[in-house]
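Below you'll find a set of structures to go through.
Two complexes, one shared chain (chain A), two partners (chain B, chain C).
For the complex of A and B:
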């Protein structure tokens, strides 16, 4: 297919997506655009937390997944969708008698703009829930932004634990996307696979994959599209041996797909932040920067001037760009379960102590913040980390994306690469195992000292990140 | 002569690559300043440099990038202040994931 034809087809597809209320440019952040945690979500939660605590509700500190004692068979899940506090059925909630909940909140972009307006929207609903279910723990919240003011909702996945199992943990998460590849139909299996992979990756990062259960979140403007996404999810679940559980859906008509997911583990999660010590190494399970390449591709399809610039500056033509984009989406749509298994094997049993010569100390997945996730790890482990290299899928496309203002952080990733800290011996083992399974693990740095959270990064990172908010968090050095 | 302009672009201008399109043009024209999305759905451009280059940028903004639908442009010309070293996109907090 020639460029002109591709260009026309892509423009038409983007228009189709926009008519569905989806902004393909929000892909810059991978998942559906999130409410900003630091400036909006946390202040909003802080402002209502006191009142909710008086009613007995506890909101767990921020983390990528909810973790509780029990087993998949030992709890029941009930989903309730609320558009306003009037929808909270107190009698029903008393009947459910949940001990915890995973919450997905989709709010309009004007509401997401400041903590006061967000607090106004969520306070009423949380208060009614707290009144009806005293003692409930909000284990994980996922808050996303919509451009459609009529598409606001909150989905509470209530968990009633029937049977506490003390030798196992359940790990739960919710995540959603709108689309990942605007060149493809929203009902394509790859879009769905990326959406579910995105939800599952937070479990996999903690080494949890056994008895995986998927409770879909699907919203779409048509019954036909919803059915296609449902079918895709069913097939994806089968392919990884997961159980799919049906639940009520928001039905706002704005495109959204993802899931609340659970898996079980008999290991301690890799939260051994105090055990991280100088000499430990940092491994990333595969190169990062998926979102830079996807965004460059999108921009080239929308604006031939950019495609021409890319060819001129880096010798990458549209055909080559399509190949790169396609291989990235393929990789993102493949379940990341091998990484989960490799981590699980190197975690202590529930009743066992951490052993640095056998266990992984800490993990995180590379999402929208890209290489900045290392700073978060440095803060959690209170250590100084020296990064020797920035492992990009396409350094050329990441550099082009930065130079041409296409994405503020061209190291951004989604769905896959997991960063871990462990002793060199454990890193050797994982590197070998993942390589045997066709992954591309890369050692990227090491822990230098303990105490102060710092990340030393080669100054070449300036070629890949333009947002000063990220750059100022690093100590740059000339390699 | 060097001048400064505060430009507000209204219409379907967010979520269509308007900021990166503007930044590329401004950079090529040797202009400094910033572009950012506003909560009311418009795009704000604050730019300094040669008056002629700014005027050309304003003309280009009347059409914008391929997916944009520009309805109106408000321009306020001001004295040159030499406030900026380069041209940048200023992101809102929620646009930078953490």
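For the complex of A and C:
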């Protein structure tokens, strides 16, 4: 298929989106939709945390998942959707009597411009909730932007724990995407699979996969598309043996898909940050940088000269680019359950101590921040980490995406690889097990010292990240 | 070239405006470069955006293509006007 034919297909797809009332260029691909964590979200939360704490609300520190003692059968979930603080029904909330909540906030991109305007929008709702449910813990929050000013909402998934179970933990998470590939049908099973896999990935990263429960988040401009996404979710849940539970939906008419998900574990989660020691190694379960190829493809379709430039610079024509993109989306649509099982096997039981010769010390998944997640691990473990290589799916496409300011961080992913820190012996075992299951694990570095949180990265990373906010967090060295 | 891109509007002689509000990054960057290709050298293109990421990337990509970024003004909550002179 030549450029003209691909472009005709692409134009038709754009028209299909437009006939649904959706502008595909107003949608962010994958995790690129999050409110900027460093410059907007964290400062906004810091500015309201004190007042909310006075009302008895506790906002858990930034984590990839909520964790509490109990079992899947031992709690009930109630979803409430709010557009403004007036929607918070205090009587209803007292009736629910939740002990915790997992929150999804979708705000207009102008609101996500700075911490003050974001705080203004969310403060009122949080305050009413804190007044009605004193002592509530916000276990996990997920904040995303929309280009549609009418699509602002907050979804509170309230959790009432009926039965605490002291030999098990429940791990919960919420995540959403607007779209993963705007060049593909929004109701295709692959789009839905990436959205659900992305939600589950934070559970899998902690080795939690048993008794998985999925509570969908679906918003779409048409009933027919909603029904297709629901069907896809039902089939996906069946394919991984998960239970699907229905809940109220935002119904703003904008495109959004994802889920709040829960799973059980009888193991301690890999939060053994104090046990991380020099000599431990860093493993990535597969190469990273999925979002570069999708965005480069979109740009090539918008401008043939970009496609020509890509071919001239790296010898990648649009057909090859399409193949790369397609295989990446296939991989993103597969759940990382083998990784979850490999981690679970190497975690201590609830009543057992951490043993560096048998257990994984720390994990995280590679999402929007890409390779920057290693810096977050360095901070959690108070370690200096030396990265020897940046394991990209396509260094050429990541470099091209950066050079042309197509995405600010071309190491980003969605439902991406899992990064883990463990002793060389444990890393050997996991590497072998994942390779046997068809994954492509790569050892990318090691812990050098303890004390100061630093990440030393080969200076070639400048070819793959243009965002200064990320680059300044690394100590670059010439390889 | 394509009917799927947005085009700049001529405001007066030597001044054009591209309204990329409502678009997500990276699309404002590419629409800006396409618009700059179509206007005369020395003319000014005002790009209106409301996407925080594009506020960093539109000026960067304009400079990289050899154009002069004259100003970046905040014109409302989360809204920016980036003025670029074509070189």
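One rule holds for everything that comes next: the second predicted complex is superposed on the first by the 459 of 479 C-alpha atoms of A that agree within 3 Å, B and C clash if a C-alpha of one lies under 4 Å from a C-alpha of the other, contacts with A are read in each partner's own complex, and residues count from 1 in each chain.
What we mean here is this: a residue touches a chain if its C-beta (ideal position, glycine included) is under 8 Å from a C-beta of that chain, and two chains touch if they have at least 3 such contacts.
All figures in this text were calculated on a predicted structure; none of them were measured in a lab.
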item: Touching partner for A:299 - first (chain B), second (chain C), both, neither; value: both
item: Chain B versus chain C as contact partner of A:11, first or second or both or neither; value: both
item: Which of chain B and chain C A:367 touches, first, second, both or neither; value: first
item: First, second, both or neither for A:406, with chain B first and chain C second; value: both
item: First, second, both or neither for A:467, with chain B first and chain C second; value: both
item: Touching partner for A:111 - first (chain B), second (chain C), both, neither; value: second
item: Partner chain in contact with A:34 - chain B first, chain C second, else both or neither; value: first
item: Doubly contacted residues of chain A, that is, touched by chain B and again by chain C; value: 11, 14, 23, 25-26, 28, 33, 36, 40, 109-110, 112-113, 147, 299, 302-303, 404-406, 408, 466-467
item: Contact set on chain C toward chain A in their complex; value: 1-5, 22-27, 29-30, 33-34, 50-53, 56-57, 60-61, 64, 76-79
item: In the complex with chain C, residue positions of chain A that touch it; value: 7, 11, 14, 23, 25-28, 32-33, 36, 40, 108-114, 117, 147-148, 295, 298-299, 302-304, 306, 404-408, 466-467
item: Chain A to chain B touching residues, read off their complex; value: 11, 14-15, 18, 23-26, 28-30, 33-40, 109-110, 112-113, 145, 147, 299, 302-303, 367-369, 372, 376, 404-406, 408-409, 412, 466-467, 469-470
item: Parts of chain B lying in touch with chain A, wherever the complex brings them together; value: 15-17, 19-21, 23-24, 27, 39, 65-67, 88-89, 91-98
